[in-house]
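In what follows, subunit A forms one complex with subunit B and a second complex with subunit C.
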Partner chain A sequence: MQHGVKRTHLSGAAAEAKNARNRLLLEKYVALEETVLQKRRRKEYTRDALEITNELLDMNPEYYTVWNYRRHILRGLFPTLSDEKKVQILGNEIRLTTSYLQVNPKVYWIWNHRRWCLESIPEGPDGSEGWKNSFWKIELELIEQLLRLDPRNFHAWGYRRTVIAGLPKSFPGQSSPRDEIRFTTKKIESNFSNFSAWHYRIQLFTGIWRSMTAEAVEGEKREEFDFVRQALWTDPADQSAWLYHRWLIGTDSDEDTLKSEVKSIRELHETEPDSKWCMNALAHYERMLSATSSEVSSNSCADAVALMARLEEIDPQRISRYRDWVAEVK
Partner chain B sequence: MAQGLDSDEYDVVVLGTGLAESIAAAALAKAGKSVLHLDPNEYYGSAQASLTLDELIEYVKVCGSTHPVELPEKLEKDRRRYALSLFPAVLPSRGALIETLIASDVSKYVSFKMLDSVIVASSGGFRRVPGSKEQIFRDQSVSLMEKRKLMRFLMLSAGDHESSELIQGKENDALLDFLTESIKLPPDLASTVTYAIAHCSGPSDPLGPAIKRTQRYLQSVGRYGSGAFLVGQYGGAGEVAQGFCRACAVYGGTYVLGPSARMTDLHVDDKVTFSIPCHPRPVIAKRIISAPDLLAPLLKEPGPSERVLGAHCIAILSSLPAALAKDRALGEENDNEGIEQDDTAMIIFPPVDGKPVVRGLLMGEGTGSCPAGQYVLYISATVTEPSDSEELLRPYLRRLAPEPIFESYHVSETAKPSSVAGSSCVVGLSPYGDNQLETEALDWEAEQGRAAYEAIMGTSEGVRGFFEKTEGETEEETV
Partner chain C sequence: MSSDGPVRQTTFKRNGHVNFFLRCLQALPASGTSQDANRITIAYFCLSGLELLGALEDKTTAQQRDAWIEWIWSLRSPNGGFGGSTFMITTSNANTSPGHLPSTYTALLCLAILRAPLDRLDVPGLVSFLRSCQGQDGSFSPLPRSQSEGDFQSDLRMTYCACAVSSIISDFSGINVDAARAMIRQCRTWEGGYAARPGIIEAQGGTTYCAMASLKLLEADGKADSTEDHEETLRWLLQRQIGGFQGRPGKLEDVCYSFWCGGALSILGRSDLLDAQSDRTFLLSAQYPFGGFGKEPEDPPDPYHSYLALAALSMHEPAAKEHALGLKSLVPTWNVSEESAKWLRGEISRIKALKYPA
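What follows is the complex of A and B.
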């Protein structure tokens, strides 16, 4: 399904012809399904069974039972096959999922099957990682392509993490966490309304900062605040940037950081008095501020509560949520 | 020796192979009309033609330019590898021409690429134009508050601005004033928006039309890439016109170019009769389509007196203008890949010191309009009086490229839209006569082509629509 493509309306003879075609297809599908499930019940793990699952998946690639069955068949066949043969079969499986993904890039079961194939590649040939390397090369090209076509497909992002994490040690194009951060930068710059990209960035920095000094981390955090601030000011209605900001603040931000962020967000609130996420963030941070320092405590609290009142007005569907929040504060 | 046409009679004769004419001819041929398409020039395209370097030099001479130019020796052997456009324009990704290209399938004869950048001359030099949300996000020279205000204006333009309180009553106010007073943009940014996003021509250009244009461009952003405009390969408009001529021929249209197409003894009453050198007898057509410049002299009528004058410079450069070079300082680096420099760009010089707005279009080797390593640079301005185009445009060329390897100057005269001789057989086309040729004229030509088609076919029930697909061509419905 694509956004914005209108369904064309058929009438008369064309509609009848289409209905007749669909009836035939349905009959074919039901018969095929019955055959496949029968074989599965009988635990037929043969080449023929594999072929038949192909036919059924062509008609319905979202049928996860059939994907499971397919893996059972392969597991049944593998012990008798050489490594070369296994690699050849896995190659076919990957190609099959590729053709399905072009049409259905968001089906969990297709991604799972592909992941399983990657995990099943044997070592070799001859003690090298040659087979793995050639498969991984294809994987990297696939995720590049898919993320180019739809940078917001979280399946593709998740798969990218799998692929990068599983890169064979001898693979020539290693991608470090820093390289991956640069990748997310590129995607965010081309459209920052992309929760998956920001989310991946969070995971990458979390990993990197674990092994850095507190000072170095502070420096990078400041740069990240500058980066996300551009997004907040360009489009305060975009939730993903606010979520990233919330993560940056975290639960233990020092008073100075909180104060300067609150100042900046307050300025934004003054230019965009109706921006919901802006007010939510501001209230949350004011509340955190009030907990850190008694001198600002009562002011921050009052500000936060006032914001909640305003939120009730512009977002009446969530009145209870805002009132609960106020009750907690008090 | 006149070989003769296949017939003495045609449904429609089209005069001139400009873009509007060619679109109309192709649409009519597809709808089953017999079309005779004539052009007194030896080349396709008329006012939208693309010429080789030697053809351009000849054209400039014939134009009566006060600055005839010779073919530089160094460029002699490559002279045919240039496709130089007399109509330098970009194509909005959403608009009449692109829709016509898609509906007619002529898109398969022509190719386009995204316009890489838009830059605007400003006080400190040149700056890239932050014309979309993404560009605004990345622009490090724009402050946070300015980003917010810019976005506010873009969102206002993109949305239902007609009912906006901020705009109501102000449609005739100057856009520039609106930007400084209501949106509160600083002067430099207001100028950038006025001239390089809304493509106004002067400080008093009214808000209403400017916002409508901005909305159109914003709707074009992202359709095929991150910009709003496409650039035609191999000389742009001329290629597109040729593409439609090809389609017309495929649908049965007849083509004659050059001296054997030059009409004489044209009479228009309840039909159109004329003689042409390539045919032994007078030719009869039910209707004639033409722009005023070609038709008026044949009918021995005074042409439209109102003309739009354009000053044009066509230059060839051996390197990318410094103003467009991307370097690390601008923060446009891409660590793993090399820096990809622009191949095409639009350059806007806002009006200053009584001079008009001047617009430039750079086309690099990727467009196929020049040999590798070179660029074609077009610089144009609409002027109100006949003026010395070299005197006006040379300083602008020098500002971008101090040492071009070739430069030529000429003036174009286009009849301002007006009604042509009031016979029902004549379908008159109006050339684009406003001030935004670079971004608006291609769609204008497509709309003219369509209007001519509908004037001949009518628009009642059951009449074949403009490039409407027949039953055999409609694709099967798929879900």
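What follows is the complex of A and C.
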């Protein structure tokens, strides 16, 4: 289904002409489909068959059995071809999927075919990883392009992960988890409201911190608090940074961290009294504080409840949720 | 021609929607070619939509329904599942005409909606079909593993379809339940929602519904898994409402998420926490003047968004009839009317007693 394509209102002759064109397209599609399926049933793994699948995929790139058939054809042809020829053909396949992805960046089948092509690249030339390196370079460029167009395309993010994980050993510019964190920093700094980049950052740190000492992790967390604070002050209306902050706090932050973060957010709240994210965060952290230390307990609790009352006013859609929260606290 | 575009809808265009689904059952425009391999699922959107509107019996004939029933039976694969469209099942060889998991789920619901006697249903075949789709990691592929290349597209949507089919046939022996539960758990992200697969992708409304519904359906095997706390999931779902619902933080409203997120909330038993009025207003505003719903106001309609919008509206129906839109009530875990769900349960019992007595 085509999302976001505005229908224009046609009348009379124009509408008739459009219907006629539609009918022709559908007739062409149905005929093409019958031809392809026939060839597939007869197990025709030839160049001609490849050409015909091209035509059908142009009209319907989501037709997964045709992608399957195409791979069968290629597997059938490859044993008779030199490595150079295989690389040339795989290059064509990559270019084909690139053109489809420009129009359909979220179709699983197209990404899958591209992945298969990458996996099929032979060693070479001459025992080097030359071919693989040039294909991988193209992959990283495509992903960069797609993420620039739509930073939230999780197919592109997921595919990037696959590509990074499979980087040829001799590829210039390896990408360790630290390099990937720097990549997310770049993305975030170019646009703080980039939830997917913050999200990826979390996955990366979760992995990295698993094998570090608690002390080392605390040190890095402090740096991350500084980093996210910049985003919060730059645009308190964007939720990505707030969610990241909440993840950093986690479920077991010590009292000092909680207190210093609450202090910092309170300052922000003074300049942004109607920021719902500010208030949500404050209420949540005050509640956590009240559980850690009895001396702050009743104050924190009262503050949190007061914030919820204010939230009911500025975020009425979640009024039931806020009341529910207050009932739980009490 | 006005340059302002269509006026935002506020009244419910019942007849328009009925006619929209009837038209789609006949044919889709060229923009629908991408769905050619999924005709059974499109049929499900249309038939379930018509049923929720209470128009199925009035606006279709017994002959039409019988013909559709025969068409659905023709989609059976030799390996026990159903294919997505006629040309997907062309041989009696399970390898070249494999069943397709999502199509199997929607085919069963279509048969139920049409009240098709299920004597021809191969229940053991369905069980072995499900088994053939599950991998070592507990995930399910849309096609039997022998037909699938790697773990491609083995995501929570497939897990949901497998759980739904098992629930429908009241037989979970085709699923390794522990492995399925473990896979679902791994899909939960730091956000509290659920992503399509474990790894780096974001939690999303559709896959969060799939997780909640799957877990609920898996409780039927007798072993309720109460270890998982869904407080964060609840919070994540409620944050998705921005009038209508969005699929992920920062994205725009899309009517389908009113069902995915609203349905998940209903399964968690906390529909009371969402703002039904705001959601209803958004949904009605996404109606196309001549029927159907687009993903957002002024978008052209398609069967998927049209059906899910109605499913969401059905869950908002107030008890007081004078304020209601007249939609039938829905079972959120199967995503079909209560009437059809009840009939299906009864019919499955009947044929199992008959064909496979204990």
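Please note the rule applied: the second predicted complex is superposed on the first by the 208 of 330 C-alpha atoms of A that agree within 3 Å, B and C clash if a C-alpha of one lies under 4 Å from a C-alpha of the other, contacts with A are read in each partner's own complex, and residues count from 1 in each chain.
By definition in this document, a residue touches a chain if its C-beta (ideal position, glycine included) is under 8 Å from a C-beta of that chain, and two chains touch if they have at least 3 such contacts.
Being a predicted model, the structure only gives us computed values, none of them experimental.
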{"item": "Subunit B versus subunit C as contact partner of A:Arg182, first or second or both or neither", "value": "first"}
{"item": "Which of subunit B and subunit C A:Lys330 touches, first, second, both or neither", "value": "neither"}
{"item": "Partner chain(s) touched by A:Phe154 [first = subunit B, second = subunit C, both, neither]", "value": "second"}
{"item": "Per-residue touch tally on subunit A - higher for subunit B or for subunit C", "value": "C"}
{"item": "Touched partner set for A:Thr271, first subunit B, second subunit C, both or neither", "value": "first"}
{"item": "Touching partner for A:Lys169 - first (subunit B), second (subunit C), both, neither", "value": "neither"}
{"item": "Subunit B versus subunit C as contact partner of A:Ala231, first or second or both or neither", "value": "first"}
{"item": "Subunit B and subunit C footprints on subunit A, overlapping residues", "value": "7"}
{"item": "Subunit A-facing residues of subunit C, complex", "value": "1, 29-37, 87-88, 90-91, 96, 149, 152-153, 189-191, 197, 199-202, 204, 235, 238-239, 241-243, 248-251, 272-275, 278, 295, 298-300, 302-305"}
{"item": "In the complex with subunit A, residue positions of subunit B that touch it", "value": "133-134, 136-138, 144-145, 147-148, 151, 226, 334-336, 477, 479"}
{"item": "Residues of subunit A defined as touching subunit C within the complex", "value": "1-7, 9, 22, 25-26, 29, 33, 37, 41, 59-65, 71, 108, 112, 115-116, 152, 154, 157-158, 161, 193, 195-196, 199-200, 202-203, 206, 238-240, 243, 247, 316-321, 324"}
{"item": "Residues of subunit A touching subunit B in the complex", "value": "7-8, 10, 14, 18, 179, 182, 186, 189-192, 229-231, 233-236, 264, 267-268, 271-272"}
